[in-house]
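Next come the structures, one after another.
In what follows, chain A forms one complex with chain B and a second complex with chain C.
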Partner chain A sequence: MRVCVENVHFEYPGGVKALRGVSLIIEPGERVAIVGQNGAGKTTLVKHLNGLLRPTQGQVIIGDWDTSQVEVHRLAQRVGYVFQNPDDQLFCRTVAEEVAFGPRNLGYAPERVHQLVEEALYLAELTDKAEINPYDLSPSWRKMVALASVIAMDTPIVIFDEPTTGQDARTIRRIEHMIEALRQRGKTILTITHDIDFCAENFERVVVMGQGQVLADGPKERILGMVEVLAQTYVEPPQLTRLGMQLGFETTVCTPAQFLETLRRRLGHYRANGLGRSEN
Partner chain B sequence: MVERLSFYLERNSPLHRLNPTTKLVVAFTLILVAFLGRGLFLPSLIFLLILAPLSFLGQVGREFLRTTLNLLLPLFAFLFVMQSLFYPGGKTVLFGFWIFAVKLEGVRFAFLTATRVLVMVSSFLLLLLTTHPGVLLLDLTQRGLPASVAYILASTLQIIPQMQAKAATILDAQRSRGLDTSGSLGRRIRALLPLVGPLVFGSLVDVEERAIAIEARGFRSSRPKTSLVEIEDRPLERALRWLCLLAFILALGSHLWP
Partner chain C sequence: MAVIVIKNLTYTYPTMDHPALREVSLEVEAGEFVAIIGPNGAGKSTLCYTLAGFVPHFFKGELQGDVYVAGQDIRHVRLEDWVLKVGLVFQNPFNQISGAKFTVYEEIAFGLENIGVPREEMKRRVEEVMALTGIADLADRSPYALSGGQQQRVALASILVMQPEVLVLDEPTSQLDPIGSREVFQVIRQLAHQGVTIVMAEHKVEWIAQYADRVIALAEGEIIASGQPAEVLTDPRLPEYGIGISRYTAVARQAAEEGLWPPHQRLPVTLEEAAAGFRAIEETDYARLR
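Up next, the complex of A and B:
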């Protein structure tokens, strides 16, 4: 399902202009990370995608629905949104019930709800915790419950608001597995993040926001190398990308695999031509 | 989003610069005088000649009048209708229609009650508009109010906007999961549970965290505390407060005089 954001402006009551003309098209199955300084308008933008906010000017189209014409609980069929703080949504007595809340609201048949819950619990590695009260779990597992409760809704588009903030490496790994599984199922994934390594390793497209506008938008290999643009909104390229730049790599590397691949190519080149000569 | 935590409006006015305790004492005195003093027009004169001019001196006149009217107009309308028609012992009929008769005694009583309430509400409103709640409580603690009492006062003032913000976030999160909060009464009641659960639990967590945070800064330490903020208290204001006491005694005297 295609997401189409057309010249959206948004002003909060009180006069803060949070979005000043944002346009964005996201194709089905894309994995997009939105980065930018605090107050850049990232959360304001994604809240437009499921109708929590309505543009003061411009349009947001999800598939064939204009978000200003459709209610939030109906848009939930198309866009799943995981809030930053799991405690803002957990209320059921067991993890399984909590995860079933969303799909039940969407009116799915009981067998389908059961199946979706099982699958979401499996993806979140919560299968053995299904009967536990969410508040008896640690904060990082509560985060996984919140993630599972939204992916169980089986929406074509899934939004994560800073999923890795405050999480240890193991939980981040679990979230990465989940994103990979969603990718294989053809879901469109949008993430707001300040974790630039997480962004570089799990997403293919990066949208850079600053002062309510899109400063840059494109494949991560192009965007994460734009040091000056990123600096405008207080984002630094990943350490590995910066190392690659200092080593004089002609392409921007984002992941360890890309780094090693480029390094190997270069070493081969040096071996053939001797050190000190450039590739070109 | 920045939520407004109080009525306070930041201005640079003589009223803002006044010591908070002075303003508190004046507010209490005006209320007591309005309730104890004699004369049908005393409370309305207090409002017109003291409170309204003071609000303009404090550069909050427009907000002061607007908020006062918004708060009190419905109450006044109700008060006048009820009292002018049904005041017990009313004899002097001003005019009548159908089975109703508007009586002078009722109108007088309604007028007096309404203007007294007006003085009560508006003098506190003026205090809150021109005094930062933190400064008021700081001044009171420096004058010997126990810190725990100040904390209870401050937290009750602040808990409503905080819970409102939290409730709005929870509502957004649950609507994003397909919760329908519109429709029939039964459906709305069922929609409450997913909202109340996280709100209550989250508020308890917040309270605990706040308690730990202030304890970490020596809240219960019994040593005398110094303060970064110095609150001015001029001799003139001290005199004004004694004057307030005098006004209170006079009003009490006139009330008790046979």
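Up next, the complex of A and C:
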């Protein structure tokens, strides 16, 4: 299902102009990360995709639905949104009930609800915690409950708002597994993140926002090397991208695999030719 | 002189069976910048709360061992005095904002008003700290109508403005944009140079490596490693404990397995160290062929 954002402007009551003409097309199955400084309009933009906000000017189209014509509860069939803070979205007495709430609410048949819940719990590694009260879990596990409860809704489009904030390495690994599983199911995945290394390793396309506008948009290998554009909105390239730049790599590397591959190729190149080392 | 002295601290929250901190011993010198790393649930926040006196005064529970800050036994301080000596920046900025003020400017002035700082000095300090934390343009906004990262800057500013002798920060950059995070580390580094004693729980190991004097790794309430950043952050046990390491360290460790990192050289923790190591490998390789 295609997402089409057309020249969207948004002004909060009180006059803060959070979006100033944003246009964006996201094709089905894309994995897109939105990066940019605090207050750039990232959360405001994604809240337009599930109808929590409606444009002051411009249009947001999800598949064949214009969000300004469709109720929020119907949009929930198409767009799942995981809040930044899990405590903003959890309210049931057990993890299993919490995860079942969304799909049940969408009117899915009981067997399908059951299957979706099982699967979401499995993906979030929560199967053994199904009967626990979410508020008896640690904040990291509550984050996983929030993720599972949205994934169980089986929407074609899933949005994560800052999924790694305050999470430790193990939880981030779990979230990465979940994103990979969603990718395999053909879901469109959109995330807002300040964790630029996480962005580089799990997403293919990067949208850079600053002051309510899109500053750059494209494949991560192109965008994450744009030092000046990123700096305008308080973002730096990922660690390995910066390292590659310091070493004079010819291409922008984003992941450990890309870094090591380039390193091997350069070393092999010296071995083969004994010359041709690019100065840096 | 050690400003913070902790000896065999074991602490258990009122409703819990297991201690959140076990046998923790730690000294921090005046003007030292100590970073605390560890997986979630390791006891980082509890350690922060203890230094700030919230443990045991607010959370109650059972505290064994000794905690002295600036020569005073934490068990015998009054929280209302203590907040002037030890500033705590909460993990969730939402919990820090008073709810009593309508603008960011007033919010940051709130603590100073409470202790009766003269008007002119108050204005000067508020404006200084707003510039330092990059929020001067938010002065007239409501503290609640801000993005998460902006709110986190306000929370930080509202503590910095009090000029505490000891500054305790619980993941103060979790919601900040990347350059904003680095700037907070730079500000903190600067304060340490000016003699403020800093204890900061954080996950961002790249900036810890660059700016902290010392790193303490906690896991399940115990100190599992303590020392220079370069030493602790390359400890091969960190991943087993669920503690994140920098991409520099991780990629060099992988490279070393293939012989693509200089033998016997410590793994890198900063960009500069990583670049120097890989450059050396490329140069040796190149030289060998000439």
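List of remarks:
Basically, the second predicted complex is superposed on the first by the 274 of 280 C-alpha atoms of A that agree within 3 Å, B and C clash if a C-alpha of one lies under 4 Å from a C-alpha of the other, contacts with A are read in each partner's own complex, and residues count from 1 in each chain.
Rule of thumb we're sticking to: a contact is a pair of C-beta atoms (placed from the backbone, for glycine too) under 8 Å apart; a residue touches a chain by one contact, two chains touch by 3 or more.
What you see is a predicted model; the values in this text were computed from it and never measured.
Once chain A of one complex is fitted onto chain A of the other, the partner contacts of A:76 are limited to chain B, with no touch recorded for chain C. Applying the stated contact rule after C-alpha superposition, one finds that A:138 touches chain C and leaves chain B untouched. Legend: residue contacts after superposition of the two complexes on their common chain; A:256 is shown touching chain C, with no touch to chain B. In the superposition on chain A, contact of A:12 is made with both chain B and chain C.
Touched residues of chain A were counted for both chain B and chain C, and C has more of them.
Contacts of A:188 after superposition on the shared chain: neither chain B nor chain C is touched. In the superposition on chain A, A:162 makes contact with chain C only, while chain B stays out of contact range. Judged by the touch definition given at the top, the superposed model places A:235 against chain C, while chain B stays out of reach.
12, 14, 16, 85 are the residues of chain A that lie in the contact sets of both chain B and chain C, per the superposition on chain A. Those residues of chain B that touch chain A in the shared complex are 1-2, 166, 169-170, 172-182, 193-194, 196-198, 201-202, 205.
Residues 38-41, 91-92, 141, 145-150, 152-153, 171, 174-182, 203, 206, 239, 242-248, 250-251, 254-255, 258, 260, 271, 274-275, 278-279, 281-282, 285-286, 289-290 of chain C are the ones touching chain A in the complex. The part of chain A that touches chain B in the complex is made up of residues 12, 14, 16, 47, 50, 52, 71-73, 76-77, 79-81, 83, 85, 87-91, 101-102, 105-106, 135, 149-150, 153. Looking at the complex, you find that chain A touches chain C at residues 12, 14, 16, 36-40, 43, 84-85, 138-140, 162, 165-172, 194, 196-197, 231, 233-236, 238-240, 242-243, 246-247, 256, 259-260, 263-264, 266-267, 270-271, 274-275, 277.
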